[in-house]
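One chain, subunit A, links the two complexes that follow: it is found with subunit B in the first and with subunit C in the second.
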Partner chain A sequence: MASESLPTLNNMALTLKLKGKKNKPKHVTEHLIGYLFIAPVFIGIAFFVIYPFFYSLISTFRNWNGLVPLEFAPKVGWEMYQRVLTEPLFWQSFLNTVITLSGIPIGMVLSMGLALLLNRGLKFTGTFRVIFYIPVVSSITAIIILWRAMMNTQGPINDLLLLFHIGPINFLGEPGYARASLIGMLIWKGLGTSTLLYLAGLQGISDSYKEAAKLDGANDWQIFWRITFPLLKPTHFFLVVTGIIGGMQLYVEPELLLNGGPARATTTILIYLFERFGANRISEASVVAWVLGVFVFIVTAIQFYYNSRRERA
Partner chain B sequence: MTSTFKEKRLGSIKKGKLASNIFAYTILLLGSVVMIAPLLWMINAALKFNQFSLYGPLFHELYFYNFIEVFDTIPVWQGFINSLIVAIPSILVGTFVSALAAYSFAKIKFKFRTVIFVLMLAVMMIPFPVVMIPQYYIFSELDWIGTLLPLIIPKLFGNIMMIFFLRQFLSHIPDTLIESAKIDGATHFQIFWIIIMPLLKPALAAQMVLWFIGIWNDYLAPNFFSAASPTLPVVIGGLVSDFPIQEPVHLNMAASIISMVPVLVVFAIFQKQIINSLVLSGMKE
Partner chain C sequence: MKKNKLIGLLIAVPMLIAGCTSQASDGVKIFIYGQAHERSIYSRIIEKFTEETGINVNAELVNTDGYAETLTASLGTKNAPDVFYSNPASIGRYAMNQVILDLKPYLEAEADEGGIDYNDFLDGVIDYYRYDTVNKQRGEGDAIWAIPKDVSSYPLGYNRVIINLSVELGHWETYTKTGAWATREGGMPLPWENDPRTDKQIVYTFEEFTNACRATKFTHESTEYFGTALIDTWAMHSWIWAAGGNWLSEDGQDVTVNTPQFIAGFTEFIDLMDNRGVSQTREQMGIKPHYDRWMEGQVAFFNVGVWDVAAFESVSKDILDYGLMPTPRANDASPDWYTYIGTLGYAVSSRSQAPSDAVKLALYMSMSMESYNRMTRYQTIQLPNNKTMVDDYLEDETIKPENKGVFLDVVQNGHGKLHPTAMAYNSLWYDTFIAELSRVWKVTDADVSGEMTPAEYAAYIQPKMQQQLDIALADEQAGV
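Let's turn to the complex of A and B:
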C-alpha cells in the first residue's frame, strides 16, 4: 500500500509542474480519445437502433406493404392506428397476453416460499439454488419440445394424474388448459430467477429487526407479514415490473408450444404482429409494435419514478 | 424442578427446530424433483428405440445410438456450427468494444459523458419489436436476410448492458492508478489494455458467460432474420410440426439435449459468477 502511494505523491508534484506547460492540447486529446473509445458503440446504436426507431415511427403513418420503398407508400395519418385499435383480433391478443401475466403473482408466491426455506442456513442450500436455476439457463426451444411431449394425452403428466384418477386431459387441445399449461411452463422456467432474487433480498434484511420483534413477543407469522414481507418490497416491485415487460413481449413459448391456439387462445400481441407482417401489412405490424412499446415505456417509467423516490427517501 | 423444566423447554425447542427443518427439506426436495424430473424424462425419452415406445416404462430402453442417428436426420450439426459462428466473434469483438467504452465512460473525462451515458441507457428501454421490422428491411437492403450477418454484425458494436456493469465495476478502481500511469507516459489505450483489462477479468468472464447463454438460447431474431441459416434453437424450433403423432419425438429429444449441453457445461463451470451477477442485476435496478 505504502509503496504504491509514494510514487503517486511524486507524480502529483510532477503533474503540478507539467500543468502550466501543456495543459490545453492534452485536454483536447483527452476529449477526443474519450469520444473515440465510445465511437463504435455510438455508431452501432445509431445505425441499428435509432435509425430503425424513426423508420418504424414514420411507417406507422403510411400505408406500407413492404414491397415498395417506404417513401412511395401513401401517407394516411392516424388511419393505421385506428385500424389496429378497432380490430377485435388485436384486442383479443392483447387480452390473451394480459391473461398470461397471471403467472407472475403465482410464481412470486412460490419463489418467496422457496427463498424463505433456502434462507434458513440449511445444508445443501447451494445445491438447491443450482437445481432451481437449471431450467432458467436451458434453451427455451428445447424446453418447449420437451413440454409438448410431456403434456401429450399419453404423456407422463397424464400418467401422474391417472394415479389420482384424473384425466386424461388434452392439455394443448383446449383453450383453458392450453393457457394454464403455457402459464405453468413459464412459471417452471422462471422460478429459479425469482427465487434467487428473493433469497438475495432476504439476505439483505438485517437479523436485528427480527430479533427486536421476537423480544417484543412477535411470532414467526407476524414477523413475516409485518417485517420480512414489507422489507422485500423492492424485490416484489422488480419482479412485477420485469415480469410485465417480458410478459407483454411473449412470443416463442405460445408460438412453438401451441401455435397461438387452440382457437387463438394463446395468440399473443407479438404473434399477432408477426401475422400482420406475414400478410404484408407492415404499417399495421409497426403500429402493434408501437402500442406495445408505449405500454412497456409506461411501466418502465413507473419503475424509474419509484426507484428515484426510494433513493431519495 | 426449574432445571428439568428448562431442559424440557430446550428439548422441545430443538424438536420444533428439527421438525421445521425436516419440513423445509421435504418442500425443497419436492421442488427440486419438479424442476429436474422433466429433464430426466427428456433423457429417458431420448434413449427410446422409437417414438412408439415413448410413453412406456421409464429408462427401459437405453438406445444411445439415437445420439448418432440424430446427426443424420436433423440438421443438428449445421445448427451447432451456425450458433458457434454467431456466438464467438460477437462475444470476442463485442466484449472488447464494450470494455473500451466502459473504460471511457468511467475514467476519461470527456465532455457530455454523463449525458451520453444516460441517453444510451434510455436506448435500452426501446423494446426489440419496435425496431425489428425496420431492421428486417435494412438487412434485406444489404442482402443479409437468410445469412448469419444480422445476428453477428450488430453485436460487434457492443452491448449496453455489459457497458453498464463494467462501468460500475471500473468506478471502484481508483483514478490515481490511471493518473500515475499517464504520468509515466502511457497512452489511454495502453492503460486500458495493460492495466484495466487484467483487472476487469472476473467481471468480464461473468458478463461474457451471461451474454453467451443469451445468444445461444435466442430464437426470435435468428428465426426472423436468418431462418435459412438456422442456429440451433431455430433447428430445434423447426421440429415442431402440425402432426405430433408422426414426430420422431425420441430423436427430437436427443437433438434438444445436444442443444442444451454447451450452456449447461458453461453453467456448471461458472455457476457462482452467473448466480452472483443475476443477483446484482436485480439489486442495481
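Let's turn to the complex of A and C:
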C-alpha cells in the first residue's frame, strides 16, 4: 500500500521524461537525470582529487611552506626536484621501500600454500580461515605491541633461537634484522587477505580440468604447475599490483614499529615525505609524492601491459 | 512539485559543502594540546578567564597527535585559531611568513591599562621568542612573536634510597674515595650535600659522576640497581655543552659536531652509557625502558623534567625518594654545567579578529595567579612564569621536590641552553644527527662496540647535517 502511494525513482524519472518530452529530446532529459545522480560523487572527486592533484603539482614548482597561500610562494622552477633528487636520504628511503616489496613474492608463496591446504576440504577449514584473517582486522597498534614483545632480545623468538644456540638477536636494534622484522610483520599481517583471495581463485577453477589432466596421466605437481598456477593468474596479478601500490605507500608500520630506524634502515619514502611536511617544506613533500606517484604508475602500467599481452597470446 | 525538489537538491549540495567549512566567529579561539590531566587544567583556567573578563573562549584542546599538521593546514586560512602553540624553533618561519602577530604593542597596552605586565616574566625568557625578520637573527629585535606558556628545565635527579644503600654497603666510599676526595671520610659528598670547597650543592665532574654511578651499580637481595640510565636524545646535550662543544657555530652557519670539544663530550656520554658497565644496557632497555626502571627505584641517577614532578611524587618514598642535582661539569678547569631549556609559547594569529582579547587570554594562561595555582602550586606541571611568584614557589614546602631551586638555577642562572632545534630555521639538520645515532650504540650486550665511534660518527654525519642546514639557511634568506 505504502509503496503504491510513494513515488519511486523509476516513476519519478518517467514523470520527468514525460514532462520533458514536450520541449527536449528524450535522451537529453535522461542524460540530465543521470548527471544529477552522479553529481555528488563527481563534485567530491573534483574537490578532493582533481583539485589537490593540480594544486600539489603546481606546488612542486614553487618553494611553498604551507603557511601562506600557494600563489604567494616564490616560483623556483625545478629547484625542489633538484633538492629532493640530489639528497642521498631520498634515495636511501626509496631503496628501503623497494626492499620491503621483497615481502610480496614471499607472502604470495605462503598464502598460496595455505590456500591450497584450505582447499583440500580438511577439518576445521573454517576455523583456520578465521585465524588467518585475524591479523587483517586487528588494530595496528596492538599488532605493533605484540611484535615488539615477540622480537625483544628476551622475547619468545629469541627464546626459541636460544634452543638452537643462536642469538640473542636484537631484531629491532640492528638495521638488517630490523628490515627483516618489518617485512616479516607485513607478510604476517597481509597473509589472511591474500590467502582468501587465492582460495576464492582456487574454488573458481573447474574440477573438470584437473580430472581431464589426471586421465592424461598428469601427477599432482604437473596439475598444479600446468593448470592451477596459470589459472590463478588474475589473482597473482591483483596481488602484485595492489602489493606494490600499498608497499610504496608504507608508513604506519615502520613508523610505529621502528620509528624509521635504526640508522634509517626502515625510513620509507612516505616517512621521508612526512619529515619534510613537518618542517614546513611542503613543496619538497609534494615532489616526493609526485615521484612516488609516477613510479607506481609506470610499474603498474608495465604490469598491465605484460598481463594483457600474455592474455592475448 | 518534483521540479521544486530537484531545484532544492541543487541548492542543498553547495550549502551542505559550505556548512562543513563554516565556523562560529564568536570570542577568541584557542587551539592547544596536552595530556588529559593538562587539558582538564587548561579548561578550568579558561573558564576562570571568561568569568573574570567576560570574553568568550572557543577552546579546542587536543592531544599531541596531529597537532602540528592541523595547525600548519589552518594557519594560512581564515580558520586559523586566534591563540595557538609555537616554540622558538618555529618562530622564525611564522614571523617571516607573517602568520603571527608582533605581540609587543598589545603587551604594552595591556600593562599600561593595569592588566598583567609582561615585564614580570622571568628574566630573559621573552628573548626566546624574539626574531629579527630583517637580519634573520634569533633572540634579537624588538618584536615579541609569542609569550612563554612554560619554560622548563631538565637537570639530573638522584634516588636517595639507592645512594643510602650504597653508603650502607660501603660501595660509595670504595668507589668515590679517590682524587680530590681521597682523604675525605666516607668519600665524595653525596649528591644532596654541599661541596666543602664552595659551600654549595656539589657539582660532580665527569669522572666523579662515573664513580658515583659505579658506586650505585650493584645487586642487593636479588634486585639489580643501575648507576644511571639516561635517554641519549635528551641527556647527551649536558655532556656536550659541559665539554665546550656546540651544535652550530656562533653565526649559525656551520654544523660543529666534528669539533674536538663536541666529540669529547659526546664520547664521554656514550662511554658512560655503553662502555663502563654502570648503566642499564640497550638490550635491557628493550625489556624495560629507563623511565620504568627509575620509577621502580632501580636507577640512582636520572633526568628530571619539571613536567615529571607529579608522576614522581606519586611513587612511595620507600622506592623513589628523589631530589635534584646539577648535571656534571667536565673537570675542575671547566666548572660550568648545562642542561637544556624546553619552552613552548602562545602565539597569536595575524588573522585574528580580536588580537587584544587573544593577547589577554595568552597572558592569563601564562602569568595569572589562577594559572600559577593550577599549573604549579596544586600540581606541578611547569615552573612559575611570573617572577613575582618565584619566592612563593621556592618557599612553599607543599610544592615538590624540596630542592626545586635547581630547576630555576637552570632557567635563571645561566645553566640552561635552548634545545638545538631552536638554533636554526627548521630542525631537519638536527634530526639528521638523531636519526642515525644508533650507529654509535652497542645494540646488544654481546657487541664489543658500536658500528662507529663517536668521532667517526661525527665525521660521517656532519656533511649530511650541513646539507640540511644550508637548505634551512637558504629558505630563511628567501623568507620561505
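Basically, the second predicted complex is superposed on the first by the 261 of 313 C-alpha atoms of A that agree within 3 Å, B and C clash if a C-alpha of one lies under 4 Å from a C-alpha of the other, contacts with A are read in each partner's own complex, and residues count from 1 in each chain.
Here is the rule we use: contacts are C-beta pairs under 8 Å (C-beta built on N, C-alpha and C of every residue); 3 or more make two chains touch, one makes a residue touch a chain.
Predicted model only: the values in this text are computed from it and were never measured.
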Fit or clash between subunit C and subunit B when superposed on subunit A | clash
Who does A:Arg281 touch here: subunit B (first), subunit C (second), both, or neither?
-> second
Would you check which partner chain A:Trp290 touches, where first means subunit B only, second means subunit C only, and both and neither mean what they say?
-> first
Now for A:Asn152: first (subunit B), second (subunit C), both, or neither, which partner does it touch?
-> both
Residues of subunit A touched: more by subunit B or subunit C?
-> B
Could you say whether A:Leu89 touches subunit B, subunit C, both of them, or neither, answering first, second, both or neither?
-> second
So, A:Leu67: does it touch subunit B (first), subunit C (second), both, or neither?
-> second
Touched partner set for A:Pro105, first subunit B, second subunit C, both or neither | neither
Give one of first, second, both or neither to describe whether A:Pro40 is in contact with subunit B, with subunit C, with both, or with none.
-> both
In the superposed arrangement, does A:Leu196 touch subunit B (first), subunit C (second), both or neither?
-> first
Which partner does A:Gly173 contact after superposing on A: first (subunit B), second (subunit C), both, neither?
-> second
Between 44-52, 62-70 or 224-232, work out which stretch of subunit C sticks into subunit B after superposition.
-> 62-70
Could you give the residue numbers on subunit A that contact subunit B in one complex and subunit C in the other?
-> 7, 15, 40, 43, 47, 66, 152, 154, 277
For the subunit A and subunit C complex, residues of the former touching the latter = 7, 12, 15-16, 36, 39-40, 43, 47, 63-69, 73-74, 83, 87-89, 152-154, 168-170, 172-174, 260-264, 267, 275-281
As the complex stands, subunit B meets subunit A at residues 21, 24-25, 27-28, 31-32, 34-36, 38-39, 41-42, 45, 54-55, 97-98, 100-101, 103-105, 108-111, 113, 116, 120, 123, 125-135, 137-138, 154, 156-158, 160, 163, 176, 179-180, 183-184, 188, 192, 213, 216-217, 219-220, 232-234, 236-237, 239-240, 242, 244, 249, 252-253, 256-257, 259-260, 263-264, 267, 271, 274-275, 278-279, 282-283, 285
Which part of subunit A faces subunit B closely enough to touch in the complex?
-> 7-8, 11, 14-15, 30-35, 37-38, 40-45, 47-53, 55-56, 59, 66, 70, 113-114, 117-118, 120, 122, 128-135, 137-142, 144-150, 152, 154-156, 159, 188, 191-193, 196-197, 199-200, 204, 235, 238, 245, 249, 251-252, 256, 259, 270, 273, 277, 282, 285-286, 288-290, 292-293, 296-297, 300, 303, 307
Counting only contacts in the complex, subunit C reaches subunit A at residues 2, 6, 9, 13, 17, 68-69, 72-73, 75-76, 90, 93-94, 97-99, 282-283, 286-287, 426-428, 431-432, 435-436, 438-439, 441, 443-444, 446, 451, 464, 467, 471, 475, 478, 480
